[in-house]
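Step one of this worksheet: look at the structure below.
When the chains are written out, they are named A, B, C and D in that same order, and each has its own residue count from 1.
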Amino acid sequence: MDELEIDAVAEADLDDPVLIEGLPGVGHVGKLAADHVLEELEAESTLVRRVYSREFPPQVTIEDGVAELTCAELHAVSVPDGRDLLVLTGDHQAQTNDGHYVLTSAFLDVAEEFGASELYALGGVPTGELIEEYAVLGAVSDESLIEPLEGVGVEFRENEPAGGIVGVSGLLLGLGARRDFEARCLMGETSGYLVDPKSARAVLEVLAEVLGFDLEYESLDERADEMEEVIGKIQEMEQQQQMDVPTDDDLRYIG
Amino acid sequence: MDELEIDAVAEADLDDPVLIEGLPGVGHVGKLAADHVLEELEAESTLVRRVYSREFPPQVTIEDGVAELTCAELHAVSVPDGRDLLVLTGDHQAQTNDGHYVLTSAFLDVAEEFGASELYALGGVPTGELIEEYAVLGAVSDESLIEPLEGVGVEFRENEPAGGIVGVSGLLLGLGARRDFEARCLMGETSGYLVDPKSARAVLEVLAEVLGFDLEYESLDERADEMEEVIGKIQEMEQQQQMDVPTDDDLRYIG
Amino acid sequence: MDELEIDAVAEADLDDPVLIEGLPGVGHVGKLAADHVLEELEAESTLVRRVYSREFPPQVTIEDGVAELTCAELHAVSVPDGRDLLVLTGDHQAQTNDGHYVLTSAFLDVAEEFGASELYALGGVPTGELIEEYAVLGAVSDESLIEPLEGVGVEFRENEPAGGIVGVSGLLLGLGARRDFEARCLMGETSGYLVDPKSARAVLEVLAEVLGFDLEYESLDERADEMEEVIGKIQEMEQQQQMDVPTDDDLRYIG
Amino acid sequence: MDELEIDAVAEADLDDPVLIEGLPGVGHVGKLAADHVLEELEAESTLVRRVYSREFPPQVTIEDGVAELTCAELHAVSVPDGRDLLVLTGDHQAQTNDGHYVLTSAFLDVAEEFGASELYALGGVPTGELIEEYAVLGAVSDESLIEPLEGVGVEFRENEPAGGIVGVSGLLLGLGARRDFEARCLMGETSGYLVDPKSARAVLEVLAEVLGFDLEYESLDERADEMEEVIGKIQEMEQQQQMDVPTDDDLRYIG
């Protein structure tokens, strides 16, 4: 296999589409969001390209006994009454430093082929603690793109995210800018410890408002409820342990 | 040396052969199985190709003082009254992510050169515990290949193996499918802790039935008996330790 | 993106300029020094080249919401009454062995393009302890370059630095020599534990004297004062701990 | 810099020379041996080639303030009354799997250029314990080369070294054989914990007898004496500790 092979699975006629990226990352926020768009708009979606690469892990997934070689997929989505989308999803990121550049360049090639000149990279930004109010942070390829996003509630904070943005989402901004894409990154706050459907919903609500489409969130909310249960059990266990273990105060009375 | 060098050691006239892969992996199941086929059918086997690559470890093995550069070997086997085989063995897998793709592509090149359009990747699937009944799991490149394998006792379980299949065996399915091979993977259950000749026998019994050839298992059973002795000693030591150490129950009576 | 892309941001007419390198390293000495030169001579500086590479981490930094793709920058500086400079700075080194060679070669290409045939790599050399007197060690591409540097106080010690010089600074000497650059490395002694503006000042004082330019050090001294406070607090905490914890001597009186 | 650059430092007219490799490895046996040959035959030696490569660490060594880019060196040696030699030394091995293949191929290219068709890779084989009698093990590219080496005391043991031979020494056998070199590896037994000049002497005594040249060992013996002192001190410290710490036997008398 060549370093990169792009399979044309189908063609689709998109009108000035927006590339939406949701590969695995912090809290799986981007991937949950992109997968949810494809689920909700299944009738309007067509798998158009598969990107295979030696930069992906040498691995197949098995579903019902049938093997699928690791790849990234691009889906054309004709949104009713909204902007057309080109949605990028997959189960893996590149395995090397170099590979992130190679794959991101390939994704931008496909986006250009379908006439896209705007993109949204979706992801999570880790806060290290459980979240009550899910803020969505933004980063953009050009200053002029900030104000419109602030208008729909996206926050731009000084020096955040502190370490910059790494991987495909970061490079879609960086390499996208070099190829004259209007590139934006929407990052839902998330603890960073768990898969976070609530953070994905917060990101999608911003995206839907900006791009003018409607989404149901029922299935995402169900997954969120499941996660809440898991979190509830963890918290219960922690409290249980605190009651069992004598605290420093207890110990003072022993002697 | 080039990244890849394929030495034509001999030629062989095979009729619609099946590629059988048995490189090192979990429990050495695949390698044990492939090596056993070559041992039992030694008279009908010819070493036809050696694959050298910079993707292999920079290493020679020493046998009787003579060095052999790390390589993979393909043997042509004219099975009496059965399908011809092209058996792939070796002592090493590739050392990098990228290398797995490069080598698997090379193996498929050789298979095509000998007219093969079907392949079986042999391996083990770790269960984490000692095994009584050795099931053989399957994975295939196309749904239509499942039923015939189920007919000879191969199990197809939902979401197993959970992590997919990694390395050459996985890529033979994934890249094989992209090159129109009928690709199957047979995985013997194995603890994952020890070299497992019993699991290799379970895999071979399936393979022999599917491809219509006969095998003796004496030498494999002898190795299995040796392993049983090792396991027996480990279990004895564990029991000894359990007797020495006071259990929770014991401790309840102390106070 | 190609492995290497050099953007011509602007042009500048330099007269026999000297390449000054200050990428991140021990104590951030080189980077602090190069950044300080650019700050102090801002009016005389022009960003002329950006070097992008797949050898850098796949990352953007975010400043005021706007993403900048990781790169190295070369600034042309027309020093009043002094030698022209070409100052190389950036936030990252290459991520692989091979990448250090690729990037250093690219930096030398740019230097040659601007007519440079001399270079100074700036950096720190770790001593493992807090420093009172900041010596500056030297290393050069040719023996004839030692004496002039000794004349301005640079020390050349036998077998120091013991492990040689690694990364871009080392290769600027090594590859520079192969391309007939007069290459020098100035290394400020530094503890190696902290960002060290004092060490950067010691290096710059040598550089300014050699190349005949004047620098103010106020902003660097302010950063040094901040670091002194940090060090002061660490020492205080250490002393506090020593008073709390019984020493070996104390323990002798217990029994 | 290209992946590989071979500098022709000087030319030399060698008659059917033998390539001798001594790069760093177990106990530095090979490097000590090759360096000793060059020291003792300094008057007859000419540095003929320097091999630079991006596969070496990105590093310069500093000697008397002057930087030397990491490289491997080949020296032509016209041995009085003996076979001509081409001696390969250096301070580093390649940093990647792939790099070992690239560099070894380059070394064989140079050897062929000088008309060599035989080679000796010198190294150490770790035993895990201090050594009294320094045996020299052998490995060869062809069975016919064993007997002559056994005649001068080289030992060929079944399945040793158990893990094969890794790195340049291994590949000189493996790749050398593929290019029709008569390739031999001489491995001095060594503990594996320390630099071992005695093991290097044992290897050289075999080499000198086979190739018919004379060597003085004074400087090597001096280094061996220094190492003996180090070993002596370590053993003293160990005995001291054994006296201080109560042994199992002591403890039996406590209760």
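In this section, a contact is a pair of C-beta atoms (placed from the backbone, for glycine too) under 8 Å apart; a residue touches a chain by one contact, two chains touch by 3 or more.
In this text, all values refer to a predicted model and were calculated from it rather than measured experimentally.
Under the touch definition stated at the top, chain B and chain D share no contacting partner at all. Within the contact network of the assembly, the step distance from chain B to chain C comes to 2. Chains compared, chain A against chain C: the Cα-based superposition rotates one onto the other by 90 degrees, nearest 5.
The chain with its C-alpha centre at the largest distance from the centre of chain B is C.
Where chain C touches chain D, the two copies mostly use different residue numbers: shared numbers make up under half of all numbers in play.
With centres taken as mean Cα positions, chain B sits 38 Å from chain A. Chain centres here are Cα averages; for chain A and chain D they lie 53 Å apart. Among the residues of chain D, none is in touch with two or more other chains. Applying the touch definition to every pair of chains gives A-B, A-C, B-D, C-D. Across the interface of their complex, chain D is touched by residues 94, 97-98, 100-102, 104-105, 138-143, 146, 156, 158-161, 164-168, 170-171, 173-175, 177-178, 183, 185 of chain C.
Of all residues in chain A, only 1, 3, 5, 52, 54-55, 57-70, 95-96 touch chain B in the complex they form.
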